[in-house]
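Across the two complexes that follow, chain A remains constant while its partner is chain B and subsequently chain C.
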Partner chain A sequence: MSKRRSLTEAQCVSLAQKLLRERLCHQKLPDRPLALDSQYKHLLELLRRTAVHGESNSVLIVGPRGSGKTMLLGCVLRELMSLKEAQKNVLLVELNGLLQTDDKIALKEITRQLHLENVVGDKVFGSFAENLAFLLEALKKGDKSSSRPVVFVLDEFDLFAHHKNQTLLYNLLDVSQSAQTPVAVLGLTCRLDVLELLEKRVKSRFSHRQIHLFSSLSFAQYVDAVRAQLSLPPDFPDPKFSDAWNHSVTKLCEEKSVEEILRRHFNSSKDFRSLHSLLFLSVSRVSVSHSTLHEADLLEASRLISADSKAIILHGLSILELCLIIAMKHLNDTYDGEPFNFQMVHNEFKKFIQRKSHSIHKFEKPVVMKAFEHLLQLELVRPVDSGVCKVQREYQLMRLMLEHGQVMEALQRYPQCPTDVKQWALSAFA
Partner chain B sequence: MSHQKSFQYADLLSVLERVVDIMSAPDQYSYPSVFIYGHRATGKSHVVLSIMKDLELPHASVDCVECVSSGLLFHQVLSAFFGPDAAALLPRCPSLSDFVRLYKQMSSNSPATQTRYIILDRAERMRDMDFSLLPALLRLQELVNDNVTVILLSEIVWEKFRPNTGCFEPLLFHFPDYSKGKSLVQILSWDHHPSYTPELYASYINILLGVFFSVCRDLRELRHLAVLNFSKFCEPLEKGEAKESDIHKLWKNIEPHLQRAMQTVYLREVSSVQWEQQQMDEKEATTLRVLSAHAHIELPYYSKFLLIAAYLASFNPARTDRRFFLKSHGKIRKTNFLKKHEKTSNHLLGPKPFPLDRLMAIFYSVVDSRVAPTASVFSQISSLVTLQLLSQVGHDDQLDSPKYKCSVSLDFILAISRCVCVCVRLLDLLALSLVIQSQVVRQERSLFTAVSNLHLL
Partner chain C sequence: MSRYITRLRMRRTYKWNGRPVGEDRKLKRQYYESMSISVEGKTEDATVSLGQYILIEGDDDDNPFVAQLLKLYTDDSGKKKTAVLQWFVRMCEVPQNKRKLLGRDPHPQEIFFYQDRSCDNEVDGETILGAVQVGIYVPVQDPFPVGKSRDILFVKLLWDTKSFRALDPELMQPSQSPKSPPPSSRGPQTRALPTPDPSVMKRAMSGILTRGSMSTGKMSSSEAESLHSASKLSAAKALSAKRRSQAVSGPQVRKKLDLCTPATPRTPRHATPSIPSRTAPARKPGNVLEEARARLHVSSVPESLPCREQEFQDIYNFVESKVIDGTGGCMYISGVPGTGKTATVHEVIRSLQQSAEQDEIPHFRFIEINGMKMTDPHQAYVQILQKLTDQKATPDHAAALLEKRFSAPAPKKETVVLLVDELDLLWTRKQNVMYNLFDWPTRRNARLVVLTIANTMDLPERIMINRVASRLGLTRMSFQPYTFKQLQQIITSRLNRVKAFEEDALQLVSRKVAALSGDARRCLDICRRATEICEHSGSQKNSSGLVGMSHVMEALDEMFSSSYISAIRCASVQEQLFLRAVIAEFRRLGLEEATFQQVFVQHQALCRVEGLQPANVSEGLTVCQRLGSCRLLLLEGSRLDLFLRIRLNVSQDDVLYALKAD
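Moving on to the complex of A and B:
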């Protein structure tokens, strides 16, 4: 009988953190993707047909950011590689639109991932198509007469559509249609209108097969998913600790305040990535002294995530800069959002100083200009036609990048704001 | 600022706690990207780098201003993590694909035992580099399959960074700014001169903040101003005119000096060396030679009139020319049109272009002696354009009727017209154009009363 030494509390906590962090940050693949059964089966069937039966296919997986496209693909590929025939034969080429920004770079990457650098050597090819045909031909010589099936995964598929002439896409889809080699082309993209980006000749070679990943979770399923994400797996070395932990997580999910927080998040975005950032911030507070999750952690994490960064930045401005922002807000209110220039803002400010202000004394125009330029640097004010500087600086038209509500909220929180400035901001007419 | 003292301020502490929590388990994975934002000189780079050094975490710190091309960034990161030999393997103009491939290769040889951190300072510059650099770096952990976290530090909020089709959203943290009472005075008092008491320096800082705090909160600027002006503050003490407890006297001595500093050193019109020299030989009360041209530009006689004529041409609409410049005009009628459209006042919208003929017409009516239209007069117009007091509008190849715009402000024109021995009628014209067309501001009123006083003389 093997003696199982129970781990210390610190080790348990550390191990729990490790597991949770891998799940939340490193996007470790779950055993089965949640609520994506039909898409999973569809994709698996397609890939099986390519791998085992030698049928060429092309499919696009479309879904908003964070909806689980890469996760779905990862799970499917994992299951595919567990099949014996696939393991021996299938070659995987993974391209990413962010990295392979050019067709030449993409071709080099394909050569590298197929391990055909030596075969290609120093050959010079006339066109992309020739190069690709050579590569696929080279795969044939390896074994028998039939070539090995190749699965091309194109991440950020819409970025490939911006390459010159879309040669890579055209050639890959051409190969998938002309049945020389069994090839599966899988594209992952976040753009719903990706087909509009493709040229006519490319679009006609595409099989128009799309798998959509729109999250269809209800709120109850969402809370269940939260519980599942936070629970420790059954094969945790210390069952007592994991039971206690899972119990506390279940109780946490039933509390009203936590439910409110989760509902707020659910209403703004259903995808798992934003959920993971919320959970990660709460889980990172767990340590030896604080060994279970409390609702205060979740509350704090939620507040951090939903903070308005522009209103926070306004908190650190000087009084002069704040007055300039209020002057711009008044100009926006009076003239319905038409662009203004520095002279107009300075004029508003001068009117305020002369009529209403007691605490702020007059500043010279260059000092006010320097404050205005600080606001420009913070990008709270932007020129209308960015870059064209044929006009003098004082007369260049600008827009305020803040909303009425944000300015008023920032004023409430501003430390030691003089009352006449507040009154000026609240008055309807300057 | 390399002070070893710790901050005791609640806001900053709570942010620091969160940041350290994230980095606290170096052998485990951390969130792929973190974005820290806050105003200038709030200590973002300093604090993050100090944490890295104290916890002895492997990190690569890159300032994006130095990275003119993305290859420089890749080079710095690879040499910080894997040594200069790895960086030498990068090809000539490395693409992001080369960087990721090389990183994967190196990290499979030496996998990360602790989380590696890439710190990108002034990350707002990355938006101007390759469009795919920012989204790729935000998900670098996934792309290279290694335990690496990217920390972005910036002054600008995250909403301005997000690419069009979205990207991996980092965790956002805000570094709070300093409050006047507790933190700022304390930090600035760290620079106190050893030969004076800290209380004296603290009262000096309070006086300085009283003048400058409503204008500027940047710690670096305030420190610079504090260091420059302290010797002037201590002058009465050294001369024996006041004791350390005579705060009022010291305040009366330094306050006008600080006001002058706001108009010169703060605006960088004068260099700090010039400022210090001026403090030393302060008896003559010399006027400082400021950078901007206003005080000391010397123009020939007719150029001054040309410039005044150009100003009048730019800021008065053409239909009012007859009223102002012809001797036989009727009464001056204030039109309702001008009153209603206050915003479209020329003084707010900027100078309008005018053709050369109109400039010459106004010039002849403004100048007091008879001037022949010689080449020397016309060449002065071109020199005014070279000096950027006038600017040419339209194409260079339009030789027939070139158009110009006046690019100087009213203060400059008033200064010029004062030093030219100008007749009353000129001031009259300026005053009239201002009163009819501009907002009612005290400056114009006073000018009008000054003009009417001159009439009475």
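Moving on to the complex of A and C:
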């Protein structure tokens, strides 16, 4: 007990932060995947049969990004490995379509992960063909009851379908459909149309099992999940601190403005990864002097996350550059989105200076050109790809990469924007 | 005849010795008594005469064929020299499964008198390599002499393709060789060896380089092994070096020669990779459903193949007739995936091998290659060669060796049945792989039966050039997709009285699959899934324990229903709104494609209608990309930002249906 007492507030806060960060950055698997019970059971049962009975299987786990495919698989494998029967019997091979970009690399990786390269002594085996024959021979030798089952995890499964002839997929799935070494082929993908990518022979060998991860969470469940994610576990060393923290979290979730923020997030996406980034930002604001989460933290985090990236760039522009943007916006309105060139923008700008401006200094054309090129570098303006490349810079056709609303909003927030510039932007006619 | 020069070959010239001893006017043949073989670079000619034991060039350089020379004749043109032989076989030429009949370990130099009438006993005289010493040991009980030279071969027994028998000494007498001395009834008898040529060759190969070691006949075993496993090239080198040393026979040359022998031991050529075995054996199925599941797995080998009786019979007859006649041929088998093509061929081969086992038909070799299991079409040669002779070679070299093997008239050849699966992947621009595969069976001495399998019926017409398609011939067979009755029968026969399914449930599965594809694999997978579902639900309510309609329906739903609609239903509010905005914009434009900017304007308007705070551009783009990544939308030109082009990957009706329901 004395040890627990000795924890200072600062230690508690840093401990709590560490714990939550681990959780929010996906460094630690949750105890149980959220709202994926049936999928969890299905997958576990499937892998258990491969491990225990030596039954070959193939399955695809399909779900949008951030829906917890890898997390689900991680949880299932963790439980599988804790089974006594499976523990020492299962070999795991993990491949990723982004890393193993062709079958040759994938084969080398499989051989390495199965520790087969030592079988031939110091022989560094060379050609792709040899590798394939070698691996197939190895898998062919095994049989259902005596060899150790191999679990192949293919992350970004759709990318493997782009390999030449889909040789790897064919062979893995063929092994899974014939009396050889028992294998389980697990594919993870976010593409719903992944089966259409498979060649007909490959498709026929695939068992057509798909586990879909679509979250059908209601908002109330979502808020519950947020609360669970932010709460400290019961085995936290300082119970007083954790009680206080959990209480504040519960209260926080009931507040109106927090609910609004969460609702907004829930509306834009239901997946947990974007939620985690929101919570992560707010947890980061907790410090010793500020030891509980406040509504303001969430608000600030939400503001940061949902900020429009281009609006931020607009805030850093000079008045001249802003004027050019407004001129382009007017051109866009006048010509219905047709591309424009620098000369047109300059003319528009000159008209504005002559007629209305009182505060804007009259700029030389090269200065305006320089400002325009800066906008080009920021990619707020982009040249239209055209066949003709030898055009003078002033006459090259451009497009504005900003929405009407973005320009207006930026103007509203721009510090010390001259009134006549604002007026000009608001006026329907240039 | 364009023949590949495959190995470093000694050039030999063959000449008749003396005048012809007899003439057959009817056949226009002239008989000779002996022939001299002069080898390039050697002064002394080797002579082989009737009754002598000779070596005949074969597939294996280390173990040439052995035979006794019975006749030598030439046709009237005088160009073609033919030799009539009595064959002997080495143990390695006896079929693998028959070797145990000997009942003891064969002596490494032991050969067997070969008695088989079906065997061609005439060969081209120019394939003779030279003479060899053969010792005859009758009676059988006598031990083999120890310490004799390795070049002498011993005969004790007779091999008549079915069993080993004691050798009748009468058989060893060449019928019309007046010169050959009568075999003595006791003790080993060795014949004079007029030429050192074959022994020189053998010695060079086995690494005996000096005269002294030859006389003792001993060498360090490690040296022998390293040389034996060394590549052909180094053997050839040693051979030519040996030749040179004979010509010059100076000490300097000998020194050089020693450098040629590789000293480092190589890793074994055929390392055996294998998956480690498990600690405890896999558990056996415990209950009826598990038993059914194991039986329904595609990998489990069924007791019989129902519904393919006709196809089975046709392929069986085709292969059987070719094997019996010792001829060659091609067959093309087509059918959509999962119709049992490969399984049927395997079944045919299995039953043919059984009848070969019982000596109803001659023995044959079965080799299988798969276009999908190789990285390049030319690897086909390598795999065939490796499976045929256990040799490794580069594709070009393998092609040359196979070409030689299938075109050279070799005696005692077994028929080879070659199964080429996924034929379409062996397509190359020049189509030489396919050409060769179909051309070899047409050779007179090839004895090759090629069965090819592919998915499309019109593959020969579509992708093959004329000369390839013509060689493939017209023996075609097409496997129709299974009908629902057949599928039902397949499942029933697989289950084999394990009662796990309701009759209606089976019928539903087979009707559904037959209507979709007729793919038996699909059918089995669905049934397997249905047993799982049944197992899960069975624990809850106490039903019959059989797989019923509802379970099958659920499994079918899982596998065949499109996931798009549920994906849309489970999407977030903004994603759903965005889809609606896409449809609204399509309607406005009257096109099926819009830019992100256009859709975004609609999206904002919809947000306002729904009373939501309008999303900004970054958020809108995120939503759009998320829909794109699961392929509800097709996005083109993601670099273009606002001008990203958007198309729907689902029909508009589906989207509206999915959105309306809730």
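Before moving on, here are some points about what is shown:
As a working rule, the second predicted complex is superposed on the first by the 388 of 430 C-alpha atoms of A that agree within 3 Å, B and C clash if a C-alpha of one lies under 4 Å from a C-alpha of the other, contacts with A are read in each partner's own complex, and residues count from 1 in each chain.
Heads up, the rule we're going with is that a residue touches a chain if its C-beta (ideal position, glycine included) is under 8 Å from a C-beta of that chain, and two chains touch if they have at least 3 such contacts.
Source: prediction; values computed, not measured.
Residue contacts after overlaying the shared chain place A:Asn89 against chain C, while chain B stays out of touching range. When the two structures are aligned on the shared chain, A:Ser257 is found in touch with neither chain B nor chain C.
Shared-chain residue A:His208: touches chain C; no touch with chain B. In the overlay built on the shared chain, the residue A:Gln17 is in contact with chain B alone; chain C does not reach it.
Touch criterion met: A:Ile313 reaches chain B, while chain C stays clear of it. By the document's definition of touching, of the two partners only chain B reaches A:Ser287; chain C does not.
In the superposition on chain A, A:Val367 makes contact with chain B only, not with chain C. Touch criterion met: A:Gln392 reaches chain B, while chain C stays clear of it.
In the superposed model, more residues of chain A are touched by C than by the other of chain B and chain C. Of the two partner chains placed by the overlay, only chain C lies in contact with A:Ser147; chain B stays clear of it. Touched by chain B in one complex and by chain C in the other are residues 64-65, 190-191, 307, 309-310, 379 of chain A.
In the complex of the two chains, the chain A residues touching chain B come out as 14, 17-18, 21-22, 25-27, 64-65, 70, 96-102, 105, 108-109, 112, 158-159, 190-191, 273-274, 277, 280-281, 284-285, 287, 304-305, 307, 309-310, 312-313, 315-320, 335, 341, 343-344, 347, 350-351, 354, 360, 363-364, 366-367, 370-371, 377-379, 391-392, 394-395, 415-416.
The touching residues of chain C, when paired with chain A in their complex, are 267, 271-285, 290, 293-294, 297-301, 336-338, 372-376, 379, 382-383, 422, 425, 455, 519, 521-522, 525-526, 528-529, 532, 536, 558-559, 563-564, 566-567, 569-575, 597, 600, 604, 612-613, 615-619, 622-623, 626, 629-632, 641-643, 649. The touching residues of chain A, when paired with chain C in their complex, are 41, 45, 52-56, 62, 64-65, 85, 88-89, 91, 103, 114, 116, 119-123, 127-129, 132-139, 141-142, 144-150, 165, 167, 170-171, 174, 176-182, 190-193, 200-201, 203-205, 207-210, 212, 214-216, 264, 266-270, 306-311, 337, 379, 382, 399, 401-403, 405-406.
By the touch rule above, chain B contacts chain A in their complex via residues 18, 21-22, 24-25, 27-32, 37-39, 42, 95-97, 100-101, 130, 132, 135-136, 141-143, 155-160, 165-169, 171-174, 176-177, 179-180, 213-217, 262-263, 266-267, 269, 343, 347-351, 407, 409, 439, 441-442.
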